[in-house]
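Each chain carries a letter (A, B, C, D and E) given by its place in the written order, and its residues are counted from 1.
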Amino acid sequence: MNGIERIPVPLDVPPDQRKAFQERYDRMTGGSGRLMLFAGDQKMEHLNDDFHGEGIHPDDGDPEHLFRIASRGRIGAFATQFGLIARYAADYRDVPYVVKLNSKTHLVKPLQAEPLSRQWLAVDEVATLRDENDLDIVGVGYTVYLGSEHEAVMLTEAAQIVHRAHRLGLTAILWMYPRGRAVPNEKDPHLIAGAAGAGACLGADFVKLNCPAGNEAMARFEEVVRAAGRSRVLCSGGSRLDEKAFLERLHQQLAAGAGGNATGRNIHQKPLAQAVRFCDAIYAITVEGASVSEGMRLFRGDPGA
Amino acid sequence: MNGIERIPVPLDVPPDQRKAFQERYDRMTGGSGRLMLFAGDQKMEHLNDDFHGEGIHPDDGDPEHLFRIASRGRIGAFATQFGLIARYAADYRDVPYVVKLNSKTHLVKPLQAEPLSRQWLAVDEVATLRDENDLDIVGVGYTVYLGSEHEAVMLTEAAQIVHRAHRLGLTAILWMYPRGRAVPNEKDPHLIAGAAGAGACLGADFVKLNCPAGNEAMARFEEVVRAAGRSRVLCSGGSRLDEKAFLERLHQQLAAGAGGNATGRNIHQKPLAQAVRFCDAIYAITVEGASVSEGMRLFRGDPGA
Amino acid sequence: MNGIERIPVPLDVPPDQRKAFQERYDRMTGGSGRLMLFAGDQKMEHLNDDFHGEGIHPDDGDPEHLFRIASRGRIGAFATQFGLIARYAADYRDVPYVVKLNSKTHLVKPLQAEPLSRQWLAVDEVATLRDENDLDIVGVGYTVYLGSEHEAVMLTEAAQIVHRAHRLGLTAILWMYPRGRAVPNEKDPHLIAGAAGAGACLGADFVKLNCPAGNEAMARFEEVVRAAGRSRVLCSGGSRLDEKAFLERLHQQLAAGAGGNATGRNIHQKPLAQAVRFCDAIYAITVEGASVSEGMRLFRGDPGA
Amino acid sequence: MNGIERIPVPLDVPPDQRKAFQERYDRMTGGSGRLMLFAGDQKMEHLNDDFHGEGIHPDDGDPEHLFRIASRGRIGAFATQFGLIARYAADYRDVPYVVKLNSKTHLVKPLQAEPLSRQWLAVDEVATLRDENDLDIVGVGYTVYLGSEHEAVMLTEAAQIVHRAHRLGLTAILWMYPRGRAVPNEKDPHLIAGAAGAGACLGADFVKLNCPAGNEAMARFEEVVRAAGRSRVLCSGGSRLDEKAFLERLHQQLAAGAGGNATGRNIHQKPLAQAVRFCDAIYAITVEGASVSEGMRLFRGDPGA
Amino acid sequence: MNGIERIPVPLDVPPDQRKAFQERYDRMTGGSGRLMLFAGDQKMEHLNDDFHGEGIHPDDGDPEHLFRIASRGRIGAFATQFGLIARYAADYRDVPYVVKLNSKTHLVKPLQAEPLSRQWLAVDEVATLRDENDLDIVGVGYTVYLGSEHEAVMLTEAAQIVHRAHRLGLTAILWMYPRGRAVPNEKDPHLIAGAAGAGACLGADFVKLNCPAGNEAMARFEEVVRAAGRSRVLCSGGSRLDEKAFLERLHQQLAAGAGGNATGRNIHQKPLAQAVRFCDAIYAITVEGASVSEGMRLFRGDPGA
């Protein structure tokens, strides 16, 4: 895994914010250009399904679990909703935050109504929270459901959020998810590549995608990475997976050019200590170029790691 | 019933409003962290169904009945619409008010059209009413119908209202109600837990829920309380119940970690004196840790209470 | 018919507007607390159906007929659209006006599409018209179709209009009409009581309702008046009726606690002189406590009246 | 044809704009109170159907044809879209312009979707164009589809445009067209009278209508003119007609009280010289009270005219 | 091919911006009045379909390919989304840019839902990007789907964008595409002429159209050019075509009065060097009046060219 070409600061970041933007970008990526994003917006997106039940550790039932992990584990940034950050960040000031600006529940399914998720708060309100409390908020996030009949609403909000984030020296991450009646196969690599390019057109610094997996799909992953251009591709962690398989897939994605990963359930459904160690493993592989076996040693807490 | 860990002031409350916010929060909860909310928004939500008819005392036909109760009974706060507060509060200045910022009628049923309730007035207008008249307005309220096809509209309004309330030193209470074609069972405890977590993501100080009841459901109530995290769970009083059964259920909910209750019809459908005494009973149990039998003595007006 | 308890000025009227608000309220009601509203918004609501045809005097074909009546007859206020007031009021400066801020035509029926009527102009524009021309504009009006699938739009506009009117020292009258597929019987007294209470929640000074009529319904009218609380109930005049029957119904409604009436077609479909005398009769009964026979003498222009 | 009573300046024109408003009104009507409007908004409304094809002179294919006619012919005002005026008016500075503020294409038919035409630009932008370039812009125009399910949108925009035009010293012309599934007969004289009254309620100075034609309909035209009150009725020229028949119908409409006409296709589908002479004829009849035969002499360019 | 009459600066360009506007217009058109637009908005419009696959050179997979072509080839302007320009333009400062302000994906087909594409960012934000970075942004672009049931939304946005662009000294290009259930044949020359006129009404400087092709259609192309008036017609390059056939069609369109072309796929699907030479060929024909054979020599890189 080679170093990634340094991405220039986008020109809509005003001159007096470029240094701050670059510092945030570098801090998020440990200077590697690759981001390990701990994604924790599922309490709205999936309600309590990801936090309680079979195979989920009881620790995960309390939202503070997410903050404990984000604080003790090695991560690039922790993405969650504004309300939770405002509520807990006073006790977790060391965490680099990404404020997820829209969210919806999964109650209404695409077959009932086309997906729509709208902006909750202004980027300026995020900047005020950052400045008034000296928090380490490094970016904002937003989901676009490409192919939804409400796509136009989300494309506009996304473009404005990315731009406003840049104006205020923040990075912008777009969750680009093809979804709706017009999308028979959300995981088609060519479609994912299209979503990557769409995120680039919207100006995103990072584009979170449901990356293709499996050998055949990986062969087509290069198309995705190339389509994103200077926007970096984050591969979603997706649903629960065996740790070794997870890290192997991650390593493969990074080797193929991914700009990082965004992992939620595979981290927070574990008990605290284990979740922290899994963060460490993912971070080492993503940012520091560790091997899968090094990652597994970190996860198991082997002395030699 | 133990004391509740003190909830820190959310970071989106600006520094110069934190003391006022904390004082309002403490006043609402009598310093216990638990809130006895007298909920009186039903004149819009249910039109005159809750105020006139079989088993409803004639006192309840006049909106002033609500203010008389709020003034004479012990309550944490009285929630109702702006218009009624502007009309009556000059004569009921001692009442701590929560302004309910949205309401709809129950005329259009979910099977006819997906539920939608929109913000009526700005939080700033509430703050002006408070300041210009030196009223004890302690917070604002808003209902979100999770799972409605119009969910996106309400999530955005809710997030903005909570944030703006915090900016102006006010607390925010969200009524989180799963409803619509996508919601076959509004009272499923796991779904209620999801609604609790969603309220936390939106930044609510208190989340009003249709709490599960019955022994089996109570066993799953812990999931709800944990999911809400530092947002406190208010159990809705719901439809009319025998007083003893009501107080027993309340005691059980509090013992299981509820942060209070929101009771309307079970109070205001009674004649004034009785309604006042029922408030006193609920308050003693909720805020002061009284037992059910102490509560019943207060309700009956026993000298020993 | 007894005097009505003096309604306190709502607290959202700012201190420096309270005297002006009270004076307008008193002038509208002749100090009685009861309002005789000459309702003239039908040129939009019913197009030309109420102004031309069988049983309608030719005088009524010209919009100026309304202004002539309003100027010569005794009325509390004349409600019509901004455009007509701007066009004619220079010649009718003595008339107290209520600006009806929304209107729709009756072309689209509820079975074709749910009723929706939206605000045309801002209350501030009404205040400017008032101040720039020294007109006697005493209030604004707005219609809410409760139970329409578009109810949320109108509830928000209504709440904002009432509040903004109060800020500018103006009274606010809401036409509260249950209508739409969800409303099988628009005249159900219990539903009308609900609409009255809803108007109170919105902060209306007066709530215009399709009041129940007939002996049985009158028995249930008390529920309506009580539900409105300190908002006063105006009974709509409705479709054309024999003058004596009209005045008897009016007298009965007032005796049962109505806060006035809002009459249109029963006045303006008459030739000018007759319309003026009918206004005088309605005013005497509504504001001055005259009997029906005194009213009829005024209508007939009997010397003894 | 008698002189028309002078219409007072509406009171929402601010005092310092009343002189300018009156001068524009007088200039548009040649002091007669009657307006000859050259209507040229069809390039959007009917796309190229009115400008190319069987029976249409090739001159009409170029938008500049409209400006040439407006400049050389006698007209009260020329109504067209802002974009065309901004593009051509530098070369046609002598033309009095009315800026048509909304337009739609005719591609979507009422049976496919209810008609909706929305405001393009603000009246203030029109005033800036006028002032910055010293153009003779005398008013603005807007179409309302009464009876469309989107009627509420257009009523609001219309009311605001009329009011804002008056604030800026401009006249306002409303195209009032009943259309949609709820309108079985767009030309019913009683309905047209309703549309006229609706235009008056909205505050229009002129109401453009599809006037009834034919002897029977003319008998009912008085209802229309009366319903409009002090708003003046402009009869649409409609589709192509023989010149003599056109002028006779016009004369008849004016004799029955019409406040002018709005003619498009019957003018611009002719070659330039002929179109100019037809304007002269229409103007003479409308504003100067000429007879039909005098009009025909002007059209034919007879030396004696 | 003769010179084109100089188009006057539209009057909504304020006096202090007219010189800058004229300079931009002249630079875009090489003083010829004809524009060679390199259209590169397809990464959103067609996702990755135009950038990867059979017959597409691998160079095209990376968005930077577009910038490399725009920088090395001769073009009038390069149109793409704001996000891409902000990301790459620091390295491609010599390119004249047109910011395409709306875009949609092709996932939802017209038979599923009527087409809608909405504005992403304000023209003022484009001007800030231009001024803050001294970029050569010469204009903005916007697509209107005429005949869509959402047409009204796009007509308003288009009119406002054109006007605001002019206020800020920028040119405006409208993509005018008839589309939706109401449009059985998008390529009907008479309909295209209507779209051209509609673009003129909206004030566009250039109107991008799917121009008719083939001898029969070319015979009707004059109608299109005439309908656009002083707005200049750009013919879309459309889907992939043999180079010679492409240049012949282009030459024919220009000879028939087209004001230029807008070409995307026919350029960028080629490898870089070839794409650059094809730009040179198109430019020479469009702006400099070269013949098709001269164009082909440039494309082939013949020494004699």
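Assume a residue touches a chain if its C-beta (ideal position, glycine included) is under 8 Å from a C-beta of that chain, and two chains touch if they have at least 3 such contacts.
Keep in mind that what you see is a predicted model, and the values were worked out from it rather than measured.
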Could you say what rotation angle superposes chain B on its sequence twin chain E, using C-alpha positions and rounding to the nearest 5°?
145
For chain C and chain D, let me know how many angstrom lie between their CA-based centres, rounded off.
36
In angstrom, rounded to a whole number, how far apart do the mean CA points of chain A and chain D lie?
58
By the document's touch definition, which label belongs to this structure's chain graph: line, ring, star, complete, or other?
ring
Would you tell me which residues of chain D are touching chain E in their complex?
41, 43-44, 47-49, 51-53, 61-64, 80-91, 103-105, 107-109, 112-113, 116-121, 125, 129, 132-133, 135
Please name which positions on chain A make contact with chain E in the complex.
8, 10-12, 14-15, 146-149, 151-153, 155-156, 159-160, 162-163, 166, 178, 180-183, 190-191, 193-198, 200-204, 223, 226-227, 229-231
